[in-house]
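For reference, the structure discussed in these notes is given below.
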Amino acid sequence: MTETIDNLLERIGRNFQITGQEVKKAGLAALHCSQEQLHGVLIYLKEVEKFDTLTMIGCADWIEDDYFELSYMAYSFTTFFTVMVKIRVSRDGSSVPTVEGIWRQARTFEREIHEMFGVDFPGNTRLKEFFLENWQGMPPMKRDFDTVQFVKDHYKLREEGREGACNVSVERKKRIDAKKLELKKEGE
Amino acid sequence: MDNLNKKDKAQLKELKSPMAVVDWAVNWFRKQSIFMLAYGTGCGAIEIPPTVTARYDAERFGVRGAATPRQADVIVLSGYLAVKTLKRVIRTYEQMQEPKYVIALGSCPINGGMYWDSYNTIKQLDRYLPVDVTVAGCMPRPEAVLEGFMALKDKIQRGEAEGARDYRDNIEKYKNNQKEIFGDKMLPGYTCDWYFSDGGSF
Amino acid sequence: MVSALAVFFLGTHKIIRELLSIVSLALLTGLLLMRIVSPVSDDFTWQYMPGFFTLSFSLSSFGLLFALIAAISGLLKSFASWGINSKGYHALFHLMMGGLMILLSAGDYISFFLGWEIMTWSSFMLFNNFSSADDPIEKSQDTGFLFITLSLISALLMLGVLFFLYNRTGSMNIADGVAWLHGVKGLPSWIPGLLLMSAFFLKSGLLPFHVWVPGTYREAPHTFTAFLSAALSKVGIYAFILFFLPFSLNEGSGQISYLIAWIGAITATVATFKAIEQNDMKGLLAYSSIGQMAYVFTAMAVGSSLAMGGALFQMVNHSLIKLLLFFIVAGIIERTGKTRFDQLGGLIYKMPFSFIGVLVGIIALAGMPPLSGFYGKWMIYTSLIEKGWLLVLTGIVLPSTAAFIYCYKLIYGIFLGHPTEVNPEEAKEISPRYRVPSGLLMASIVLLGLFPGLILKPVNVLLSDLGMETLALTSQGSLNAASGSVSGFMVMNVFGGVFAVILILLSLFGKKAPTRNLHRLDIAYAGELPTEQTPLHYGRGLGHEVKRVAIAGAIVKRSLTEKYMKIGNQLGGILEHVRGFYPGNGQVSLIMTMVGAAAVALLIGLKG
Amino acid sequence: MLFTIFNSLLAVLLTYSMGMLYYGFYRIGNARIHRRVGPPLWQNVIDNIKLFAKREAPGHGIMFHLGPVIMTAGTITSMLFVPFLKDSAWLQGFSSYGNLILLIYLMVVGPLGNALAVGVSGVPFGVMGVTRGLTRLIGLEVPFFLSVALLMSGSGTISISEIMMAQDSFSNWNMMAHPAAFIVSLFSFVGMMGASPFDVVGAPVEVYSGPQAEFGGKYLGFLAAQRVMFSMVKLILWVDLFLGGATNVFILMAKSFALFFFYFIVGAAFPRFKTEQAVDFMLKLPLIIGIGAVLVRFWSL
Amino acid sequence: MAQDIITIFHGPQHPGITGNMSVELDLLGETIKRAETHVGYLHRGFEKMIERRTVLQAFTIVCRICVPEPDPNEENFARGVEELMGLEVPEKAKWLRTMVLEMARLQAQMLWFAGQGGSLGHYISPQWAVADRDLILDLFEELTGGRVYHMYITPGGVRRDLPEGFLGRLGHFLDYLESRLPEYDNMLLRNPVFLERARGVGIIDPATAREYGVVGPNLRACGFMNDIRKDEPYEMYGEVDFIVPTETSGDVYGRAMVRRAEIEQSISILRQIIRRMPAEKEIMAVLPKNHRKWEVPKGDTLVKTESARGEYSYYMVGDGTDKLRRVQVKGPSAVHAITLLEEMLVDSQLSDVAMIMNSLGTNPPEIER
């Protein structure tokens, strides 16, 4: 099976400038290309290589090297291959043209990445708010968003229960001794 | 009345004035028939079907489902509450009729539970709504939920299940807490304007 | 007879001010009422052209009933249409009243046809040219054309048959014609009878010829629509009784009356399901009028005295209800400027009087017990059961049950639900000009509900005139038939008493569990928040789902109006070719049809 | 007059308690079918009293307040026009003044009065429920009227008590005398009682519990009490028309419980039709049986 | 302006909604003209919390993503970590995982059956189905200690071995369930009213099924024989033989038949597992020595598993520290409940909304986590 995935990668390499490719495991290959190439590769995969559906659009935030890595995972029902087409976009104010025209479900994936990472997808028919209602802060999934700090500002954790936190086993022992004492008293 | 158990008979004996008997009777009827609102707010909602269906059968204790807040007595908040859900829950709670109760399942409504560090869930439910009974368990079992209903029934019988009156009396406190979360996008005032003595809206 | 003449002259003199019109109508009704008291039945022959034929007028008892309905509805209408100050309107209206009076008191064919034509033409002029200035309904050319062509054809048919009868019987007065019609046996000689009948059906808008009704009702001036539906549609019934009633009693004509009963039932079903479909108030009421008229024809087809009584009771009742509903609808249109259900809504607390008026109207229209509508239906159903026509009964039950939907749509679309284009704050009650007649009508409907006997006593007098045994009326408030009786008085009192007791019981809880009045948007909305802009008024969608029921869907899809217009256009096309011979414009097609029909009429006349 | 008032009070109490008893069995029977224990027998009464014990009630103006009142008045009025017993002066209500056709129309007065209150409350779900109810009524009323007309034209009278009198022995119970009419009427009986294939009006899953969406507290209490009494009125009507009426209350309860058991079994077994499917079904099978019965009757004459 | 449509919410607080989501419907009468799904009522920000937790801490949260069927999430997460770290899971653990997955799948299908009956107003089927589902939850409780959230499949293997006599009780339950299935058929699936309601409603046309990304039983009801357990076998699905049932009608009835056949398939798979369960004791992979700080090497992978409602896919990125850089979850409802549902509801009726949503198996927590 792997050789056909290599043939596949090699065929794609011939038509498009592929910066890097690797085969992760049987049936899963990844290739890096530039943002301009993205649409070409995806349309090629769908039309020529019969990759019927887009499983998901992954997005990882590499804050050290200051880029988001978007990976479009196309899946083919005939050969059961998944190809991850990866592109790198800047962390702030980047915009990738939508792939909704190719696969309809991309609209939902892009909408989620737009809300969580702030990547703009011009052409997407429904880029309004998805999970968070009236969210004023920065997109929450970016690494520099500190969720514990956000919790401290917006919500108040229960104080009175904390200091009274007692050691369960000690409490249990006390209860048992009191019970024994009581039984002994009733015994006399 | 076959379901008048020992505790009820004991309370009945030491009632003095006739008014106390009437109150007791009214509370007894409120206790015996509780309409639970059909609203699965959190992950605990998966344990409500087993509670009301054949194996654990909450209808034995008079607990029946109700479709709309107007018909319901108790709202069961099963697990954590996202901010968006909290707004709907508060509106539904305010649409329910006066002797209304809140049962919170799991540890998330108490102190945020497992999602204490999540930016979208509320940490203490009783800052925003008066909670009558809290049931422990990271998603309590159907027996625990039934135990919660039993605790609520005892509280109703003792006449202490007055979360609704507490909500009405210090409405300013609750509304301020809610304002912290919702900022300017507060709920419209008309569901609770008449709570305010001066009729002002929030 | 004097009253007929008085009106005739008054009409022709084109009195200008409305005050005079009301006085004249009041005078007319007074004369008619006086007429009942002194039952002198003198017929008045007026020699118009010496030697050729004489016009004889005599007001028989049931002619009187129809005249009374027309006069009362005319009086209320002129009171309601106080505002319209165009003098032509009132003059034409009186001309029509005069024509109606002539028709009702006509003894011979010529005056009958004369009255018929005057009435048709004046009503055509009225509804086609006059409408109040800010009337939101635009006039479409088709309805006028449809109305006049159809009534023209029916008039010519009638002319032909009358000539044929004259030819047969040698005399002009109607009585001998009727006797001849019923003497003849066998189907082929029934053609003149059927043709005459179709002319009358057209006037009351039964199935094949009902297409003109909705358009005309929708575009006529609002108060005139009330008169149209209350009085003019009854003329067809008067003519049917005048010519055909005696025959439906004898057994010989079993199949024809069964056929008419089925025509009535099918018309009612089609009209009811079309009414549910309508999105504007006047269209809904127009179709409902067709449906109610169909019940009357079915009842007359049964022929027993109970059925005849039921038909007349239903007819009187229907006039009162339709007057009430059309007046209030006219008031609402005048006040809000809106006519459709998806433009109105939520006006209940700002227009309480009109709400109660429409409520009383729909309860009576749907035939629900406490009010008078039920007793007409009850008599029709009982007579059908006694006659044994159970399938016709089922055919009638289907539309009368479906009628509940459009009754509810009428009252929901205007008053309940949420406000759409009309802001309830500025909506004011309808003007007193409409409120006074509606108040009177409401009182009369409720009174009839309590004491149905009020109408049934004169109906008894009328039945004895027609040679049928009268209804057994034990008391003012109850009706009896061979198979059972119902007491309206008792039903109303029981319902009222129980209602009062429960109201007191419910308000007992007021102290302990006070009712908290909620904001318009504070509704059980599945947890979400409706905003001011959220569309929540179900007016347009209310009857929408009934189309999915097999029988209703089939009816609503097909529309006779298009077919007629197609025929009309084809006819116009053919005449266009013929027009090649004659100069002149589109009017030629009209004249051609007239000439052609007249030729046919003469032919039939000579053939006989 | 005093006797009839006392008589009608007795009728109201009897139907309320009988209804609560039957619906108590209904809930326990349903539970047993669901393989569970089910509530105590008087749970419906407790629910009803709890609703009246609520401390506040939602209101949308005076018309909303009057809706449940008209509904209950319609029910009790139609109850008073049904003769409960065969040949005893008790529990006759005002049935001597009314007849069957009046009763069929009286049964619609209540729901339409309530429809006004549902309309004024402004809940779109409520109006959808009412429209579904009226559309379903077309399907139920036509076969029912046909079967009842067969009965009336057969026994030559339209007053219920006379029809009831005519059925003296078992052999000429109308169930036996007019079997086709009885079968057709059973179809619409199941529909009118709101059993499962036809319970499209207040479907919580589809229309957010339909007309009762906005009623709470004491209003819901009145509606619940009325619903139970309304079912009892229909049961007693069917017993009078087809099962030979009853000479005393116990026979009445026995016969009506048999009918109620039929309704309960059908109700438990089926999922729910859509509104138009319910009307199409009613205008297909039952109507054809009815028309067949009419043809047989009149052609054989 | 003139309102011919009304807007209602088949909202969060509604007896006919599956879970806590809402569908905004524009209705003319009861015909739907426009539908829009609103989610976000259950958003807890899983992926953010997993970034702050080590692999073992994240393992307890992962199963709470999807309520009706938590085990595919656990298995997905575990397999992803194992692929990244190259752990070798012993065969016994794989058998145990396959058994737990199939038991979870069975109870999810029973829950679907309850929801399908409830959405049609047939109140017997929810009662019976949930009661029988409870018996599986008892077995889970015995095996893993938790009724619904089992936290049993840890990265590297399985937390506990089988209690003795468990397989016998499991076999007994399977016989009992198999004897109940014909009764279920007669009660709902062959009920004439159900057939009339379910046929020809909510049709997914096969041409665009793949393009919309439809997965699981909904795809198989359109005639495509695709099942991750067959196409890319994981755990022990390679050794177990089962057929992938398909229908061609693509409507609610077709999906019901596919799910009904899958219940039988799950029962036969579990029976095979009971027969072939190896006896040895070793259930955990060899773990890194310092179990406090697991080094997850840099790299990413995509792992997919088949749940009762369709294909779950986990995109996991490790960055060399002991915490995972990114775990992105895509549940089947993310595709079914939004793009597909909205287009399918147009011109259908309000009374079908609950039924269609139940037959698609829409479940909000998968969408927004």
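To keep things simple, chains are lettered A, B, C, D and E as they appear, and every chain counts its residues starting from 1.
Just so we're on the same page, a residue touches a chain if its C-beta (ideal position, glycine included) is under 8 Å from a C-beta of that chain, and two chains touch if they have at least 3 such contacts.
Please read these numbers as outputs of a predicted model, since none were measured by experiment.
The set of chains touching subunit C and also touching subunit D is given as B, E. Ranked by C-beta contact pairs, the top interface belongs to chains C-D. The innermost chain, defined by the distance from its C-alpha mean to the mean of all protein C-alpha atoms, is D.
A separation of 58 Å divides the Cα centre of subunit A from that of subunit D.
Between subunit B and subunit E the centroid-to-centroid distance comes to 31 Å (mean Cα coordinates, whole Å). Distance from the subunit A centre to the subunit B centre is 36 Å, each centre being the mean of its Cα atoms.
Centre-to-centre separation of subunit C and subunit E, using mean CA positions: 64 Å.
Residues of subunit E in contact with two or more other chains: 6, 8, 11-15, 27, 30, 40, 43, 45, 48-49, 52, 127-128, 131. Among the residues of subunit C, those touching two or more other chains are numbered 513, 516, 518, 524-528, 536, 538, 542-543, 545.
Residues of subunit D in contact with two or more other chains: 34-36, 54-58, 124-125, 128, 204, 208-209, 213-214, 217, 275. All chain pairs that touch, listed by label, are A-B, A-E, B-C, B-D, B-E, C-D, C-E, D-E. Per the touch definition, subunit B reaches subunit D in the complex via residues 2-3, 26, 29-30, 32-33, 35, 38, 53-55, 57, 59-60, 62, 64-65, 67-68, 70-71, 73, 95-99. Against subunit C, in their complex, subunit B makes its touches with residues 39, 68-70, 88-89, 91-92, 95, 98, 187-188, 190-191, 194. Residue ranges of subunit A in contact with subunit B, taken from their complex: 131-134, 136-137, 140, 145, 147-148, 150-151, 154-158, 161.
Taken together, the subunit C residues at the contact with subunit D in this complex read 346, 348-349, 359, 363, 366-370, 374, 377-378, 381-382, 385-386, 388, 390-391, 393-394, 397-398, 401-402, 404-405, 407-408, 411-412, 415-418, 478, 481, 483-487, 490-491, 494-495, 498-499, 502-503, 506, 509, 512-518, 520, 523-526, 536, 538, 542-543, 545-546, 548-551.
Put simply, subunit D touches subunit E in their complex at residues 30, 33-36, 124-125, 128, 196-197, 199-200, 203-209, 268-275, 277.
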